[in-house]
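One chain, chain A, links the two complexes that follow: it is found with chain B in the first and with chain C in the second.
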Partner chain A sequence: MHIPDGYLSPQTFVPLYGASFVFWAVALKKLKKELSAKYIPYLAMAAAFSFLIMMFNVPIPGGTTGHAVGAGIIAILLGPWAAVLAVSVVLIIQAIVFGDGGITAIGANCFNMAVVMPFVSYWVFKLVKGNAKGGARFYAAAFLAGWIGLSVASVAAGFEFGIQPMIASGPDGKPLYAPYPLSIAVPAMAIEHMLVFGIVEGMVTALILKYFVKHESELVYATKEA
Partner chain B sequence: MKNDIPLFLLNTPSSHPPKRGGGKINISYIDKSIESFAGILKESYIQWESASKTGFFHELDTRIKVVFWLFLIVIISLKKELLPELGIFITVFTLVVLSRINLVKFYKKIFLLGFIFGFLISFPSSLNVITHGEVLFPIITLSKPYDFWGYHIPEVIGFTGEGFSVVAMLTLRVLNSLSISFLILYTTPFPEIIKALKVLKVPDTFLIIISLAYKYIFIFARIVVDMHLAKKNRLVSAVKSAEARNWVAGRIAFIFRKTQLKCDDVFKAMVGRGFSGKIKLYQYQKIMGRDWIVGFFLFTLGLLFLWV
Partner chain C sequence: MTRFQKKLWIGLLIMALLTPFGIFLPEKFNAGDAWGEWGTDKIQELLGYVPEGLKKLADFWKAPVPDYNFGGENAAFSTQVISYIVSGVLGIAAAVILIYLITKFLVKHEK
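Moving on, here comes the complex of A and B:
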């Protein structure tokens, strides 16, 4: 879901940089207030953890393995605002060091995976789990948090791709950036993420949370809050 | 006579990998994870090693390189014709040659990523179903055109000239962006790149968080590789799927706990060195005359591409 350079027009990537910047500023302010001077090592370690969680290959039912984006579980473990910054730092490092995602698309990628996904996942989890502190409902909430979070983020990316032919076409109608219209980009992104990657994301989210609740429940942010 | 040798050591080892199914899983998840984490360590080592060599771009002031990089990336995304994109490709190629970077290794990676993220993703758009235009290579002829749910399927489906031009444009853009990004990375240590972002007024706090995170990613990645190697060494057969999942979840929790402990250690070390909450990265030295001249030449070249 990392958008490369060249697919988004400046009319799209500049506002998305702006939107991400607003979330970074608010998140930084909130965490600074909450953690005082400790927020620097806290966010650095949270980012390192977020990076590593994406690299683990997790065995999933059916005999195969998969790995997750992890923004959902990070939002549940650390809180959505910490997730915004931690996942953003990861996406910036991935874009610069590994070429995963474009430099111009950092704002868009951060908006989709570090803003939309953590907040959607976190609120889906809170909403579905209700007062449950374990059991089927609690783990169903974790699964849905990962699944819906990733699916919504993929729809956001599909929307960003899909509007390109409308806002950036040549005089002859030839697309200048992402060539697929909304009617193709959104369903293509949504279907593959809802049917494949989202399910893996949901399973990984539920699996990791299950372990944490059983062994390290005091570390889970989403269950600490009233 | 009864012996104390564990039963699994008495079994004849099979040369075949353990089969899937029956609630058991082979140990490929361990290999895949080792591959992922070792890949990060390997990539960072290659970049670090390449950045520590000498060459045209290596010796240039990092601030000039970083500003030129971002300037060129923006130009690449603004250009709408193939010719300037080709010009940029040749310019970056020349800089790679001048910097004495191993061309085969460098472009092998660029072309692989460019092929996946540029060509493969955009190739279906060369069909007239997506990009309208004159069909150059028809592939299917239907009895009649179809319209459903807002989608239009023409009678003759094929590749269009306009579609090929879109694919070429996107592929070149992706290749150019990757080339300039990797050129910077292969000629500049990552902490220097982050420090140079200061000239773009990126807050010091954000830069220090990225630098710290980058450093600890490799420290923890090393730990994760060791954990997986230790697990692999102790396994002699397939493990139960649930057991494998539990082990991975446990390792993730362990890393989480480890990052939290490290956070405390780092903070105590910062306070011990007089940290009072104010972040200030040290300024660079003055930019040398040679760097100004090269910088001027590069930016003129960039402006030329912007103007063409």
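Moving on, here comes the complex of A and C:
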């Protein structure tokens, strides 16, 4: 889901930089207010974890590859604003050092994976778990959080790809940037993430939550607030 | 560092050592690029042309370690595997340093 340079027109990547910028600013402000020093090591580990899990490319035999992002579990454990910061830092390193995701697309990629995903995951988790503090419903909520979070992020990316032919075509009618229309880009992104990569994301989310609840349950952000 | 944090770090380092599965498995199952992340030669193959704007922007940035691979495109598989692990460790280091730098300005240390 790392959109490379050249796939998005400036009309798309500039506003998405703007959107991500707003979320970065708010995240820093929120964290300044509520982040206590004892969470910093966890925030660092969360970023490390997100970096690593994105390296585990999952193959669709004979087809494409994809990967989990980790933004859902980070949002559940440390809060969605902490996840905005941790995953954005990772995406920026990936773009600059490893060429994974474009420099022009940093705003878009951060918006999809470091803003949309953690918030969707967090809301899904809170909504589905209800008052559960453990048990099937609690972990089903975690699975759904990861699964839906990644799937919605992939739809956002698919949408950004898919609008390109509409908003940026040359005089000959040929697309200037990402060539596939919404009717191809959105399903292509959504289906592979719903059927394969999102399942991995969901399982990772539930398993890690289980580990934290067992060993350090008072840390978990999403179970703290009323 | 608490015992729990130490355990998590060990878990992360093990994860870094296992990252080559992220290149073994796609190789084994004959899976290619992620959707929408094709290089310009692949796009040429898919469409028969490379969109003008895409062509211009595609090489906007020359990453120091493209594709987590120090050996370049034609590197031996073993080089790729080692590069991948080293990249993972470098990535962790960069992420940790950045997070500590950013939070240093954010959080008043309670002692």
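Convention: the second predicted complex is superposed on the first by the 195 of 226 C-alpha atoms of A that agree within 3 Å, B and C clash if a C-alpha of one lies under 4 Å from a C-alpha of the other, contacts with A are read in each partner's own complex, and residues count from 1 in each chain.
Everything that follows uses one rule, which is that a residue touches a chain if its C-beta (ideal position, glycine included) is under 8 Å from a C-beta of that chain, and two chains touch if they have at least 3 such contacts.
Since we're looking at a predicted model, the values are computed, not measured.
A.B. asks: Looking at the overlay, does A:189 come into contact with chain B only (first), chain C only (second), both, or neither?
C.D. replies: Touch partner of A:189: chain C, not chain B.
A.B. asks: Counting only touches as set out at the top, which of chain B and chain C does A:28 meet: first, second, both, neither?
C.D. replies: both
A.B. asks: Going by the contact rule set out at the top, does A:37 touch chain B (first), chain C (second), both, or neither?
C.D. replies: A:37 sits against chain B and chain C alike.
A.B. asks: Should A:210 be classified as contacting the first partner (chain B), the second (chain C), both, or neither?
C.D. replies: first
A.B. asks: Could you say whether A:104 touches chain B, chain C, both of them, or neither, answering first, second, both or neither?
C.D. replies: both
A.B. asks: Looking at A:94, would you say it contacts chain B, chain C, both, or neither? Reply first, second, both or neither.
C.D. replies: In the superposed model, A:94 contacts chain C only, not chain B.
A.B. asks: Examine A:157 and indicate which partner it touches, taking first as chain B and second as chain C; both and neither are also allowed.
C.D. replies: So A:157 only meets chain C here.
A.B. asks: Which partner chains sit in contact with A:55 here, chain B, chain C, both or neither? Use first/second/both/neither.
C.D. replies: Both chain B and chain C are touched by A:55.
A.B. asks: By the touch definition at the top of the document, which applies to A:1: first (chain B), second (chain C), both, or neither?
C.D. replies: Second partner only, chain C.
A.B. asks: In the superposed view, which residues of chain A touch chain B and also chain C?
C.D. replies: 4-7, 9, 28, 36-37, 40-45, 47-49, 51-53, 55-61, 63, 65, 67, 85, 89-90, 93, 96-99, 102-104, 170, 174-177, 179, 215-216
A.B. asks: Residues of chain C touching chain A in their complex?
C.D. replies: 1, 4-5, 7-9, 12, 15-16, 18-19, 21-23, 25-26, 28-37, 40, 43, 47, 49, 51-68, 84, 87-88, 90-92, 94-96, 98-100, 102-103, 106-110
A.B. asks: Spell out the part of chain A that touches chain C in their complex, as residue ranges.
C.D. replies: Touching chain C from chain A are residues 1-7, 9, 28, 31-32, 35-37, 40-45, 47-53, 55-67, 85-86, 89-90, 93-100, 102-104, 157, 161, 168, 170, 174-179, 185, 188-189, 192, 215-216.
A.B. asks: Which residues of chain A touch chain B in the complex?
C.D. replies: The contact residues of chain A facing chain B are 4-10, 13, 24, 28, 36-38, 40-49, 51-53, 55-61, 63, 65, 67, 77, 85, 89-90, 92-93, 96-99, 102-104, 170, 172-177, 179-181, 183-184, 207-208, 210-212, 215-216, 219.
A.B. asks: Can you name the residues of chain B that touch chain A in the complex?
C.D. replies: By the definition above, chain B touches chain A via 20-21, 25, 28-29, 32-33, 36-37, 40, 43-44, 47, 69-70, 73-74, 76-78, 80, 109, 113, 117-118, 121-122, 125, 130-133, 150-151, 162-163, 165-166, 169-170, 173-174, 177-178, 181-182, 185, 190, 193, 205-206, 208-210, 212-214, 216-217, 220-221, 224, 241, 244-246, 248-253, 255-257, 259-260, 262-264, 266-267, 270-271, 275-277, 279.
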